[in-house]
Amino acid sequence: MPQHVVSVGVDLLAQAVEDQAAAVSRVDWRPPMPGTEDDLAAVALDPLHPDADALALGRMLGVQALLVDVLPAHEAIGLERGEFLHAGPPITWERGSGPLRGALMGAAVLEGLVDTPEEAASLLEGGLHVHLEPCHHRRSVGPMAGVVTPSMWMFVLEDPSTGARTHCTLNEGLGKVLRYGAYAPEVLERLRWMGDVLGPLLQRAVRATPDPLDVTAILGQMLQMGDEAHNRNRAGTLMFLRDLAPAMVGSGADAADVAEALRFVGGNDHFFLNLAMPACKLALDAARGVPGSTMVVAMSRNGTDFGIQVSGTGDEWFTGPAQVADGLYLGDYGPDDANPDIGDSAITETAGLGGFAMATAPAIVRFVGGSVPDALATTRRMGEITLGENPRWSVPVLEFAGVPTGIDVSSVCRTGILPQINTGMAGRVAGVGQVGAGLVTPPAEIFPQALARLAELTRERAGATAPA
Amino acid sequence: MPDHVELRSGTYADSVTLLQVSREVQQLPGVRTAQVAMATPLNVEVLERMGFTLPAEATVNHLVVALRLDDEDSDGDGIDVDTVRAEVDRVLDESRRAPSGPTEEAPPRTTGTALRRRPGALVVVSVPGASAALEAMDALQSGSDVMVFSDNVPVAQEVALKRYADGRGLLVMGPDCGTAVVDGLGLGFANVVSPGPVGLVAASGTGCQQVLALLDHAGVGVTTAYGVGGRDLSADVGGLATRTALARLDADPAVELAVLISKPPAEEVARDLAAYTETLGTPVHLALLGAGRPDLTRATEDLLRTLGRPVPTWPVSGTTRTVTGGRLHGLFVGGTMKQEAEVLVSAAGLDPLRYELVDFGDDEYTTGRAHPMIDPSLRLERLADVAADPDTGVLLLDVVLGHGAEADPAASLAPAIRDLRPPVVITVVGTARDPQGLQRQVAALADAGAEVHLSNAGATRRALEILGVA
Amino acid sequence: MGSVTPRSDSVPIPVAAPARVADRLAAAPDGPVSVLHACRDTLHLDVAGHAVGVLAAGATGLPHALRSRLPSVSEPESSGVGVSAYLESGTLHLRGRALVIRRLVDVRAPRFDAARGPRTSPVVDEGTPRSPDAGLVALLRRLAHGVDSEGVAALVGRGDGLTPLGDDVLCGWLVAHRAAGVPTPAVDAAVRRALPRTTTLSATLLECALAGEAADPALGYLRALGSPRESAARSLLLELGHSSGAGLAHGIDLAIATMSREVAA
């Protein structure tokens, strides 16, 4: 005797089961995104598909991200003079928005390619001896504009079981900073200090710490403490300080420098973001390249485009226009002041944190204009479009359910539910800084695009194995 | 009062829900007619016949709201269009709200999510055919059997689903499976049965229901009736679901005899099936229907004898007169009922010009509409036309009871047949405990002047006899 | 499918019923029906001298009971409102609402082959369920060597609880024999003679067991015998009631031991 029936479709059939004193759950079904039915069926019925998703998710959940080193970019990832990494999918200077351009200009001056920001603009416009590339293509991630150049120091995270690595620069702090497109002299001065003092000091401390910092484990603890690792990293930053401070003090560096560094890190609630992001990327990179898998391995924006990469489609980017977030503005800023969505920080949502873990960070909801019930509902809703849960990253108020993990392109197309991202908003004008924070989603159309490509590959495989 | 017709896009609701919405709005005082339906060609035709004019740009993705109000009375009282439109909105909205329960969570949006909350549940899928395989695959991946009520599922998808299921010992019932009984629980259009020694595997819903009804009358219970969909025994599908269903029945110690109800399978499928049934411990009785083969009633009698149970006289209530000449008009809601009648009528040698048998459950009549077992209006319309035609000799109908079917078919059918000129023979397919009340339905129809049978084959033979055909 | 939502007290409640319960209700006379026992999720009513149960959603299935999806079947005792029930034209009404049978459930034990059958039952002495009634325990130990009519007569009605432990053991013993297709005419006759000695509810459940019908966990256990699910199914059975499950399990064990001996002989 079936103890329970699940009915999807016509209510009459569910009612008929209830009329027989049997238990039935009704699925709230809606038609899928227009034009996706055939591709959805092709992918769902692909013999590779169920195991592929399980494999991809399993690989991701098995990754442990340890902080093993701090190195300048030219050593960490072999970045060369004239190379500029940036957040988001590939983009050209012409299409770049204010914050991105400002950050590129500032970085060009920082590296000594030019003397002034104005010259930087010409250099980048000219395109000679300069090369722009997404951070993601060099095993890195960057918040906001995410610009990386050779002299910038980066955290190096490693998964001990495979030796795989990811990288991210050090967080500059709030206000007028390069990642928001500011390039004034004080911005560059701070960056030089970070390269001359902070980076080397952290390197010594990291190398001297007997057990490398387990960033994956810290992320788990953060969720129990009200952080969601995208917009709120306060507890993470403090735990980082607690773990590294002894080695910083004992490093033999100048006491004033140590004090300055401690003050710098301690005064920046977002410092840990730059560890959370590469930890998430490290986990998701393990899931890349599984044929037949519909799991999203990257979500990223460059201030103009929003792009995703999917496990079963290799390095292809599926892009659409980046949206403007909906939320609360600082001071008297308003919607006209906000730049479209920018940054690699959506890698946190891709891994199940940030907007996906909103239920665990009620404090953040007012900042983004929501309510506590909204936060719980959001995390639950993300469960509709994910492959599973992450048992190491759990949400106390949801009875320690793991965060919804493994965004499934098929599920997004079926349900129309888009991944929910919590984000800061950059000012449209370079250098203005943060103008607010809010909720944003990817543009819907990139998911049917990705699905179509997955379906195409499925059909090719089926064609290749079909009997002649 | 002029008509009001509007198109809405981006709105979705299934045809049964829309039928209920239409009925509810139509009950407002001052509303003469309210029709809320998707603008399929069939529905457009129906609306135009009702005198509504639809905008040219209406497509199948549009929802049509067609309203006709009563003329204002002498006091100038009457309902206004906006009030009625607001009522349409309200009722549509309400129909979408999931029934409130004690859960805090929003209802699941996919079968996959629903099964995470209720692992092991049996799944019933009735979404549009293009999306059915997706939901069915969720069920199979979760380890659940699934009944696919939806039709218009491409055969390639059916094959992929059944192959996947076969590798895991799971059962896919359907597509286009309208009836199943699993451990006494009826799914789709199904009758209330007693547990007993017979297990059914059926490629046809109403065929299954006819056998259930006859066995119920004979006092023989049926524990399980699996539907396998109309294409399962084709060469493309190869009988995958039929094998799994038979294996299940074989493994159930309560099942003494398994019965397969279907039209004859493709040749190689029939051979494989025969070989397979040899390997089973439980005897399998084949009730294959078609020209030159026993009808369902005869097949049921045979299986009763196999079981060593007495064969009853199948009940007939009411009387109707004989005529000379004229045409036989069959108006059916059950596809297999119509097919069975067709076999008998052509076997009797009746000239094709002298009969017309229509299955109102066919796609032609149901695109965007509720099935005639739920919404009898199309058949009743045709009945009126045909009954008025002087060439009509005898009318033959079926009424199918059970869960899922309308609550009181006799309420609209009895008045429609009372005082008709041509004789009426009706088969009422139902079991003693069906919610409509089998005895009540039979009595009401007999009282209205019909001769009422439990056996469709019997009713068909009677109709031929009435016409004077040997 | 009407438009007006009827008042809740006139909307019938769909229930599922075992076939013999449906027949009993159909044959019983109209009139008020008294309550034998009531708790939140299970109600036992007296219908012409036999117990008929009404179960709320999630309550354990019993062979004499109607199964509903109601959240509860009784008001809390403190409310002071009694349960009113009556029978009319074969349909039970609870607080004015008709319990309409819309599905039949099979509560009979699945067949198994005693000869092929399962064969480890716990050593009978060690497995004897606990009871403060030392005489009952001694009786059960004696029965380990074979259940006979005198033993039966002594068991009926012995023990505490809604269903005395002795009756539960007997139910288990009887239903296991029915499942194996092994008739036990002498014990059956003795049980029938002894029925007036026990509660109406327990007598009804004994009659069910004579017909091969038992509570869902007992059926589940019988179905799982000899399979990987056997120990999980036994744990579920042991959870039934205060000691009913233990009694049923012990009775099944005794029966299997008896039948195995007979097969070996």
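By written order: A, B and C. Residues from 1 in each chain.
Just so it is clear, a residue touches a chain if its C-beta (ideal position, glycine included) is under 8 Å from a C-beta of that chain, and two chains touch if they have at least 3 such contacts.
This one's a predicted model, so the numbers in the text were calculated from it and none came from an experiment.
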item: Those chains which touch chain C and also touch chain B; value: A
item: Interface with more contacting C-beta pairs, comparing A-C to A-B; value: A-B
item: Cα-centroid distance, chain B relative to chain C, in whole angstrom; value: 38
item: Whole-Å separation of chain centres (CA-atom averages), chain A against chain C; value: 59
item: Interchain centroid distance [CA atoms averaged], chain A/chain B, Å; value: 51
item: Residue numbers of chain C (touch at least two other chains); value: 16, 102-103, 105
item: Contacts with two or more other chains, residues of chain B listed in rising order; value: 183-186, 192, 403, 435
item: Per-residue overlap in chain A, given as positions that touch at least 2 other chains; value: 1, 19-20, 22
item: Chain C contact footprint on chain B (complex, rising order); value: 20, 23-24, 27, 183-186, 192-195, 221, 223, 253-254, 403, 406-407, 433, 435
item: Sites on chain B touched by chain A in the complex; value: 12, 14-17, 95, 98-99, 105-118, 120-128, 130-131, 133-135, 137, 139, 141, 144, 149-150, 154, 157, 160-161, 164, 182-188, 190, 192, 374, 403-404, 435
item: Residue numbers on chain C that touch chain A, as the complex places them; value: 13-16, 57, 67-69, 102-103, 105
item: Contacting residues of chain A [partner chain B, same complex]; value: 1-14, 16-17, 19-20, 22, 25-32, 37-38, 40-41, 44-45, 47, 50, 377, 380-381, 383-384, 410-411, 414-415, 417
item: Sites on chain A touched by chain C in the complex; value: 1, 18-23
